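Every chain is named by a letter (A, B, C and D) in the order it is written, and numbering of its residues begins at 1.
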Amino acid sequence: MLDTLNPPKRNVVPPVSREQYIKAFSWMLLARTVEEKLASLWRAGKIAGGVYLGKGQEAVSAAIGILLKSGDIFGPLIRDQAGRLAFGESLVDIFRTHFGSRTGPTRGRDGNVHRGKPRDGYHAMISHLGSLVSVVAGALVARRFKGDTSAIGATTIGDGGTSTGSFHEAINMAAVEKLPLVVVVVNNQYAYSTPNHRQFACNHLVDRAIGYGVEGYTMDGTDLRSCLEVVAYATERARSGHGPQMVVGSCLRLSGHGEHDDGFYVDKNLFHTALGRDCLKVAENYLQEQEWADEALVETWRRNAKQQVEEAVAKAQREPLADPSDETWCPYATQRLAQALLVR
Amino acid sequence: MSITYLEAIREAQEKALRDDPRVYIYGQDVAAFGGAFKATKNLAKEFPGRILDAPISEDAMVGSAIGAAIEGMRPIVEMQFADFSTLAVNQIVNQAATLYWRTQVACPITIRLPSGGNPGSGPFHSQSLESLYAHFPGLVVMTPATVEDAYTMLLEAVDIDDPVIFCEHKYLYNRLKSAELPESGLPCHQARVARLGRDLTIVAYSAMVHEALAAAEQLRKEDIEVEIVDLRCVKPLDVDTVLASVARTARLLCVGESWPWGGVNSEVITSVVTHGFHLLDAPPQRINSKDTPVPFHVGLWGAHKPSTQVIVAAARRLYEW
Amino acid sequence: MSITYLEAIREAQEKALRDDPRVYIYGQDVAAFGGAFKATKNLAKEFPGRILDAPISEDAMVGSAIGAAIEGMRPIVEMQFADFSTLAVNQIVNQAATLYWRTQVACPITIRLPSGGNPGSGPFHSQSLESLYAHFPGLVVMTPATVEDAYTMLLEAVDIDDPVIFCEHKYLYNRLKSAELPESGLPCHQARVARLGRDLTIVAYSAMVHEALAAAEQLRKEDIEVEIVDLRCVKPLDVDTVLASVARTARLLCVGESWPWGGVNSEVITSVVTHGFHLLDAPPQRINSKDTPVPFHVGLWGAHKPSTQVIVAAARRLYEW
Amino acid sequence: MLDTLNPPKRNVVPPVSREQYIKAFSWMLLARTVEEKLASLWRAGKIAGGVYLGKGQEAVSAAIGILLKSGDIFGPLIRDQAGRLAFGESLVDIFRTHFGSRTGPTRGRDGNVHRGKPRDGYHAMISHLGSLVSVVAGALVARRFKGDTSAIGATTIGDGGTSTGSFHEAINMAAVEKLPLVVVVVNNQYAYSTPNHRQFACNHLVDRAIGYGVEGYTMDGTDLRSCLEVVAYATERARSGHGPQMVVGSCLRLSGHGEHDDGFYVDKNLFHTALGRDCLKVAENYLQEQEWADEALVETWRRNAKQQVEEAVAKAQREPLADPSDETWCPYATQRLAQALLVR
């Protein structure tokens, strides 16, 4: 399963344990539950703007979130609900951000997936694809300056995002600086409506790794075990001083680009290939195969996830929304500057 | 039958493709998908091979359009949102805008920027970047406010030998309708008096023309007659038409959705006071969005951008000066 | 002993590095080479590991500085020329400028832009981009005109919690000298009256302050006393100091090296007329570079940018209004 | 010598002929002579701004210029004097541009290396590195629209330029469109003062080719024969429908970055390696080895080149310089727009 490009296969990663697998699965399940709720809130007109789901990508994302440690840095993208949760995001913050609550991390100023707590190593993406990679790299430069040699950083990017100049500059720069950065490329076959063959012409995106002088691996994005193994390997390599790691996980986007989109353009055949498997189902089957959990236990978890989500939504809904009268409309952080402007 | 602002943009592209074999369209998801806003819907079917999906590479999208223009083509580049054009700024302002001046070879490209705010769009899908591009020499920056202008100006943009930044307002896409499309329109370097008035000139462009018109209707009830100049094109700027209006009304209020510092409003006001200071009986005024990013929450957004009510209040104050 | 504007910039960086372990410098050729203009000369030797050569990746240079700032560092990014910052526009205006507003986490980065024209530098090594950045909310845009300000403002830029675009003028680098460096200076949000006068206010910044001073000396012979306001920082803009000066002189001429459309001049004039219309006895005027790219040939370049003679003539006309 | 990465070695390129070699050598010699003159004019204060030389890179550049045909497209960079000449640039235009002559292709508006005649397929670079690649690609898109299936395009980029996002986006886009684009990367070991190891971390820049799905080759940039062979192969592949080609030529910059720069930072050992060879000398030796030309003949060529250059300089010096009173200061090409503005 460990399909590495650069280094020889090595047995540095212990086999995936029941405990770890179940932990990851729980985040996947919770993420799926969150997103089903978001979709229904959106359909009900309770969320302005767009709603973007990570359906089909929970395995990749959960694996990243779980294999990062406290003190690490994470720069998630739009389909990383599972990873965000695993990295420590509070459920209620998700809904606060979507509603535009005054209490949310962006206080209604930015919405949906544009949330984070950058000072805690949990970065808040802007929309411009590719532009977060260098930010996470820079955070790692800072850690090096501060003498923190144990932390690593991880960020994700879509197949489409790999075409951005920002992505290229950032990964090259991280390679020059030999930063402990793990870049996980999630190839879900489409960028909005654009299929791979209109996005790039190489055989496999992992072929880019060698050109940056970074280590590259592939993984089956629909298979949690593959993701846990490969991401464990990559994070371990990064942590032990082997510089940037590029991991390419393949899967299929199992939702529209956003909830406004029915994805009519997706090649329907893909749903019947290995790429089209639902990672959540695959993982549930594996749990049962391994006799790590039976259907009833999973059902309990599912109910539990639902309940947590309902509670979080209810809490967020009781909280005040953003209010223009709270705003000073001053963009500056520097106190004396802000004050001088307010006086004027 | 009626046609929307968005449909007008689609129709203009269809006509340009039909009439001129040099025209092609390049942008993310513009082919089979028809574009994020459906501005190129069905065009790929109608014009096979001439509507090309681009990778997420704004810099290369514009760079390649420049190269094609050098070879005599007339590319239309669709940015998925105006906000993403910040990644193509270098190609636009340094390569496209300077090409003719440097080499005497024209650069007839049109870059469509779906612009402006919409509820819930947030700081990175709401920007109005006309002022950024208008600052640089060599670009034509169009900001159509009507269905008719969306149509004729886009045709003119494709026809013009210079690079055109075509700022189409997303808020108007489906909200603005007209009975039919005109055969022709004013040339882009001419502003339009959108409403005649006596007491006060409001200069606006793009979606703000409609806020201004709504404000004018309210003010009419107070017997304040507002004249409205729709700039249509913010670079080059038709100062003459503005001056002529101010000569009649002696009062100037500028309304724009972009940020205040150095935007269209400040250019209009400066042009008026440097050339027509004596025409004014009161200080010219401006209304912009607040000087912060565009907020996500609908309530914040509503307070961030100029609204009819704010325009009414400012116009009344100016009238009473 | 005397110290140049360029040396002041070097000294400020040296002091910042010495006093604050959070400071580091990132840019092309800034380490062993000391930078294209030698603004970081010897710093790599003095502060090993804290001056890092960057690949030719302006976007990643700024992006990484933002990430480091989030972690509490205070990076200084040197662009080799201001002109190349167009490749980092997205990181600057969308990521850095909005970070605090979005997340309440400050983004204390300083981006140094070697700016402005020099003989023979041509369209892509001469640009003055302060107006581009000042348009966007969240950025502080400094434009020091003196050796002293180059020093104290750069220290302030590093100290400030917001992203600062530090526009240092290449023409002044080695031409401008001072006896010594000050301990401290005005805060950046305050403009400075660079010369007292009675008849006319000239507002300028960066290299144009010196053209204005030269013009003032000439005009003195005609008994026209010019007051000069050096803006120092174009965003935020100290309108109060300008208004106070105009209140004394009743005449305003703005001089800037950037392109006219929507630049500093138009922002200053608009701020003055909207807030202090009644103070003016004559139409405010502006002098900018011509609205074309900056030409290579020295003669063209001299005619493209504002010169002392053009300022003198405009000031005289305004005085006689 | 033909060191290809992707496709199997094939004998599609006929051996380099005496005639072709001599032709290429002549352009190299002429370019060197032009640049020596430019350097001395610069030292004499006769040229404002910078002067940038292609010393040590003439073999790569001449090979490109010679292997492009009439109707092809060329996007040269700063060190491409030899290629520009081989592609048809007039000698006097070089000096006109450096002097800022009214008669030059940019009429004094832009200077030194920023010249071209884009409508003739000879592109005029702007300073921003990497930004020309997509322009040349776009010109090829236009050719495809126009039904021109025989033309190809070539452009060069430095080791430093490969770090730009523009470069990445353009080559990826060209690969997706399968354009007949030859990108020649000239690795002269430095980008201004920055050595390779601060610029990228891969073993060899040609390793990038596979990640774009383009064919990649290496060549010895100091050896004209290698350059002629490999560029012939790459141009042939492009011409015959195999999509973008990436050629990486290695050499050493034998001048400062510009004439203002003494290059003190260059590792002096490199001058004694194969990279440090002067391609002009290497080629001259080869001519003599092959008995294609003896010293006396080369000396005649050299004198001839000098004379041509002196004549061109003299001609350019007699011509009028740019004059501000000729300028309308209007940046627009559209006549009705320009007129409307002038009337105002």
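Following the convention adopted for this analysis, a contact is a pair of C-beta atoms (placed from the backbone, for glycine too) under 8 Å apart; a residue touches a chain by one contact, two chains touch by 3 or more.
Note that the coordinates shown come from a computational prediction; the quantities given were computed from them, not determined experimentally.
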Selected pair, greater C-beta contact count between A-B and B-D: B-D
Rounded Å distance between subunit A and subunit C, as computed from the means of their C-alpha atoms: 40
Whole-Å gap between the CA centroids of subunit A and subunit B: 36
Geometric centre distance via CA averages, subunit D-subunit A, whole Å: 43
Where subunit A touches two or more other chains at once, by residue number: 106, 109-110, 114, 126, 128, 163-166, 169, 172-173, 176, 198-200, 331
For subunit B, residues that touch 2 or more chains besides their own: 54-55, 57, 59, 83, 86-87, 90, 94, 97-98, 101-102, 123-124, 137-138, 290-293
Arrangement of touching chains [line / ring / star / complete / other]: complete
Residue ranges of subunit B touching subunit D (in the complex, touch as defined): 22, 24, 50, 52, 54-55, 57-73, 75, 90-91, 94-95, 97-103, 105-108, 137-138, 140, 160-162, 187-189, 236, 239-240
Touching residues on subunit B, where the partner in the complex is subunit A: 28-29, 32-33, 36, 53-57, 59, 81, 83-84, 86-87, 119-125, 290-293, 295-300, 302-304
Partner subunit C, residues of subunit B touching it in the complex: 83, 86-87, 89-90, 93-94, 97-98, 101-102, 123-124, 131-132, 134-138, 235, 237, 258-259, 261-267, 269-271, 273-278, 280, 282-286, 290-293
Subunit A-touching residues of subunit D, taken from the complex the two chains share: 163-169, 172-173, 175-176, 178, 197-203, 205, 207-214, 243
Residues of subunit D touching subunit C in the complex: 47-50, 100, 106, 108-112, 114, 126-130, 160-161, 163-166, 191-194, 198-200, 265, 321-324, 327, 329-331
